[in-house]
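Chain IDs A, B, C and D follow the sequence of writing; residue 1 opens each chain.
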Amino acid sequence: MKAAVLGATGYTGMLLLRILSSHKDIKSIAAVSTSAVGKEIEIGDPGLFNNLDGKYISIDQLHNYNPDVIFSALPHLASLPFYQDFIGKAVIIDLSADLRYEKKSDFESAYGTAHSAPEYIGKAVFGLSEWYRDDVQGSDLIANPGCYPTCSLLPLLPLFKEGYAKGNISINALSGISGAGKKATINNLFVERSENCNAYNPGKKHRHQSEIQKELDKTGVESSILFTPHLIPIRRGMFVTTTVDLSKKAEDSDINNIYLDYYGKSPFIKINNDRIPETSHLWGSNRCDISWEICGSRIILFSAIDNLLKGASGQAVQNMNIRFGFDEVEGLRTWGDL
Amino acid sequence: MKAAVLGATGYTGMLLLRILSSHKDIKSIAAVSTSAVGKEIEIGDPGLFNNLDGKYISIDQLHNYNPDVIFSALPHLASLPFYQDFIGKAVIIDLSADLRYEKKSDFESAYGTAHSAPEYIGKAVFGLSEWYRDDVQGSDLIANPGCYPTCSLLPLLPLFKEGYAKGNISINALSGISGAGKKATINNLFVERSENCNAYNPGKKHRHQSEIQKELDKTGVESSILFTPHLIPIRRGMFVTTTVDLSKKAEDSDINNIYLDYYGKSPFIKINNDRIPETSHLWGSNRCDISWEICGSRIILFSAIDNLLKGASGQAVQNMNIRFGFDEVEGLRTWGDL
Amino acid sequence: MKAAVLGATGYTGMLLLRILSSHKDIKSIAAVSTSAVGKEIEIGDPGLFNNLDGKYISIDQLHNYNPDVIFSALPHLASLPFYQDFIGKAVIIDLSADLRYEKKSDFESAYGTAHSAPEYIGKAVFGLSEWYRDDVQGSDLIANPGCYPTCSLLPLLPLFKEGYAKGNISINALSGISGAGKKATINNLFVERSENCNAYNPGKKHRHQSEIQKELDKTGVESSILFTPHLIPIRRGMFVTTTVDLSKKAEDSDINNIYLDYYGKSPFIKINNDRIPETSHLWGSNRCDISWEICGSRIILFSAIDNLLKGASGQAVQNMNIRFGFDEVEGLRTWGDL
Amino acid sequence: MKAAVLGATGYTGMLLLRILSSHKDIKSIAAVSTSAVGKEIEIGDPGLFNNLDGKYISIDQLHNYNPDVIFSALPHLASLPFYQDFIGKAVIIDLSADLRYEKKSDFESAYGTAHSAPEYIGKAVFGLSEWYRDDVQGSDLIANPGCYPTCSLLPLLPLFKEGYAKGNISINALSGISGAGKKATINNLFVERSENCNAYNPGKKHRHQSEIQKELDKTGVESSILFTPHLIPIRRGMFVTTTVDLSKKAEDSDINNIYLDYYGKSPFIKINNDRIPETSHLWGSNRCDISWEICGSRIILFSAIDNLLKGASGQAVQNMNIRFGFDEVEGLRTWGDL
């Protein structure tokens, strides 16, 4: 099978190249980049060696390549022009937010800009793998979720479905700096971020609040989340602490059973209430680890992912695996590196 | 004036030596340590140079030294045996939790152990400088607050006093690793903490939850906090994000006025709602920076301190300054290092 | 094939478990540990998930397991008692220094202690894979080299062999903190190591100086190295800068040809003089990247490895692959993670 | 006294503002910046609080301010246009390389560009405080040395003067990332630098090699240095390891006596051969710590500074103190922060 990666020189694109080059069902990879066309891939990306031949190609050259699957790791609203050329010819897995919303107005109010290809809105499946596995299997257009929504929704959705959560919910998220992408800004210099932390864009000011809320709303339960992201000095990793007023009394065993019920067969979801997750435990894996603490009438949920894997490139490949009927874990790891 | 530091080889003790050696009203410093008695201070603490003569002394030798003020940076329940020798002879500023509670049972339920000198409970003033300035001025026994309580209470108390907050409150705190002290444990090795983060001891499992709650309770407002501390890979610094259901409608200007009213003359409290604090902004200072975000009927409070300074040694010196009528900022900084 | 890992709870042991569990020629793994016997492996090592069943076993239980290959990641002189039980029954790959020297006196002068099993000295092959590939193929006792020797010798040996280097040589090495192992010490706490660096044990004071020197001496060229290791605040990674007085005039093309000649077919050695290596480029891989700078009559050599992989567990698996005729890169990566 | 800082929004400029605002002999400070004119200083630099009133001013406004001393923290060749306006009116301490060389050709060959104000070359004193104290006292134009030259020269010069060193010398230097300044580049992003290290610009490719060599040459001893700088993931700090072939036999006591002879009265030079320096020991201080290891006929020198202080802003203020007859340590610290 032939895969293409658009935006191959950014962090998520670079990771996609790494994963796909180790994937036994992928025979050929096209690395597409506007800035590096014609450059040897292993020179442009000095972390590679002996695993990817050839040069970065342009989007024009991609037409002759006839990819079976295209991963788009371009910035928001940058890949829309290319959809028309490839929709129907290849399975498209889009890591941007362009197609995550069902309504044009929801996208536009979150992103503060007009959507340039509204005709595709509502055509994609929201690729939160564990929740939309069946839809992913049947879709040629997959909108890969954001990192914060992935890590926030996985522990929350089963509690919503089972009637344990509603009303006001606080989501506090800690993210590694790679979430900001490979862009030259003073704010993300080593000197500015090391030995530093802060919240940013709380509540509506962060676009992911509405992406989380709209998925919770689909359960039919009324709720109002308040989402506060923070930057902490790690390259990769995400930790989310969610505080919920329980809508009914719960014991640890109730919660455990619910999670086992929903995720017991999911190869990347580790439920373990004996130990609060640590991002280092799953660094480099496609896992989401979940635990919780019941405090009287409230419950605190803990979830952790590698923001570049389960939060981006890893889940994208997981979706490809599901879509094409490959082993769900092929090319991905369930264990964290040291 | 003569000052003594008990526990001079731990992080808070080491910082006290640094601050006091630059303090113009302190003429002589005794560094007391059980593990290093007789060793040159500048050898035991290689960061010092040309600022502290002499050797570490024992607690016995301290009797002949006749200190005017004693800072105890010993572990919990370790300094009690010495109170009886020095209470009444010197002002004691205790950085442990031993005397922070008014009730023996509160201490014992938080710390899970019997209090070994219950006769002193209730005798100390709780040294949250901005709230107990008058009491500190008149006291010879000052219980320096914990780092998490300091950073959590400073933004919350004015809202409680002014009737904006009550009910369920979520406090999410991020702490640098120095909060765990200078103890050899695998859990705090560089390799374990770098590129890692996690919550730990949520709710009642952390002793500081009750220290925060009992101060809020003194305002007479009913509330129930849920406190979740996290470890992040910074040496120094603390960031607290608190989510509160507003008990009455508020505009930014209301909140701003309240904070200016309470803290406008406090040299270390920086109120600035134009920019969410970052711990690097106040690294090395005794500041607490505060901002907030109103989200409909809820408000998110942001506060940041240097956990070793305003959260420990700095506030201890601030309390000494208040107690002895020195300039409140003497020996301390209002600006953060780079 | 069945593999056993002694010292499975240390960093190199933990990495061996990870690599072996992904290795297609390994069907079963025994994790041997004295401290964790009977504990579920995936509980003792929370980074694992769905990749290793079962419990840690004791060395006694290992007898019934009949392993084909044993990796010993025990401290120096700790695995000797077990050699007698397993030599001849399994291939042993020892990551300690116990069998790296040909002479008892060399070991004892470097390690400052008597060797407890001198009968095995000289029986093992020194497992620097690229230099002793043939010997490794035929040996049942492989002494895996130290991290500093691996990274220092790979760029130096070809220059020695080809007559470009002799005399005084300065080796300056930078190591990540994981090189110190998973031991609770104040010196390696996050707070002590973050934002810190220093040289330690220069010259003869570091045991690896003699390990490097004895391999250079085998080339028959007279030389005297001066080795200075440094600790820098990274978890994994090693960078070595070696300054050599050239024994004859050299152009970049000469050096390039030599390296290609020696390493052109080695899958893990990346020769690239257009770009000085960075440890992040090969983080998580088993690579050694090499470049150089000719400065008149001197040459500076640059080499980088992941100290836990090519410097320990990765090279151990590479040696197993060579010994058993597996694909040399099986279970290992040639690309670095982000 | 009135001080002005040109380039007040870069890292060295920001530190100068901090130091000068705590300096008892400085009554007023002008923060000059092209990018921030008219902005409140405490808003532009959120680390400041209650220590600097007023706004950033332009270079034009500086004329009316009549400063007694001007610190220029501008990029190379950017401050020359202003010299003509202020030379003779204020003491100028220039932190750039513009006036560090005695010969135009030396500057131009190191910096690869024409010097735009050659008439000032040779007019400034090289402000390595401990070596040119008398010259600094009498000069109105002081060229503050580079960070690498400061840290390399302080241990080397006494050995040159006393006839212990000549010939080939290897200087290996490790620098914190702040040395690259506050410029938005991908190469210095947190994600690129954390968990990474590498050498860069070895030998003649780094401009500081010639700055070091020309000062060694002034001693009249023939030598040839080979300088290799490295980037390591710390914000601040520099560690230099220098390997020298001893020109005559030396004992530790000989070296110790030489250093005490040259530096025994210098408040910022800590000579301590019982412990190799660590950058964390002197973080935040203006110190240079020195130790050494004699290895037969060679000696390894270890030196460490805070690159932003003794390597830049701190030494600049030290030079001001010397020039104006203030206490040499005023505004600066001899102890390192934790």
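Rule of thumb we're sticking to: contacts are C-beta pairs under 8 Å (C-beta built on N, C-alpha and C of every residue); 3 or more make two chains touch, one makes a residue touch a chain.
Quantities reported herein were computed from a predicted structural model and do not represent experimental measurements.
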Proportion of interface numbers common to chain B and chain C (over half same, under half different): same
Distance-maximising chain from chain C - centres being C-alpha averages: B
Cα-centroid distance, chain A relative to chain C, in whole angstrom: 36
Between chain C and chain B, distance of the C-alpha-averaged centres to the nearest whole Å: 46
Chain A and chain B: spacing of chain centres that average the CA atoms, whole Å: 39
Interface hub residues of chain D, defined as touching at least two other chains: 11, 178, 191-192, 194-195, 233-236, 278, 280, 283, 338
Touch list for chain D against partner chain C, complex: 168, 170, 172, 174, 191-192, 194-200, 202-205, 224, 226, 228, 230, 232-237, 239, 241, 243, 245, 276-280, 283, 293, 295-296, 298, 300, 302, 304, 338
Contact set on chain B toward chain D in their complex: 11, 14-15, 18, 21-22, 43, 46-51, 178, 194-195, 235-236, 267, 270, 272, 274-275, 278, 280-285, 287, 308, 333-338
Chain C partner contacts - residues on chain B that touch it in the complex: 11, 176-178, 182-186, 188-195, 233-235
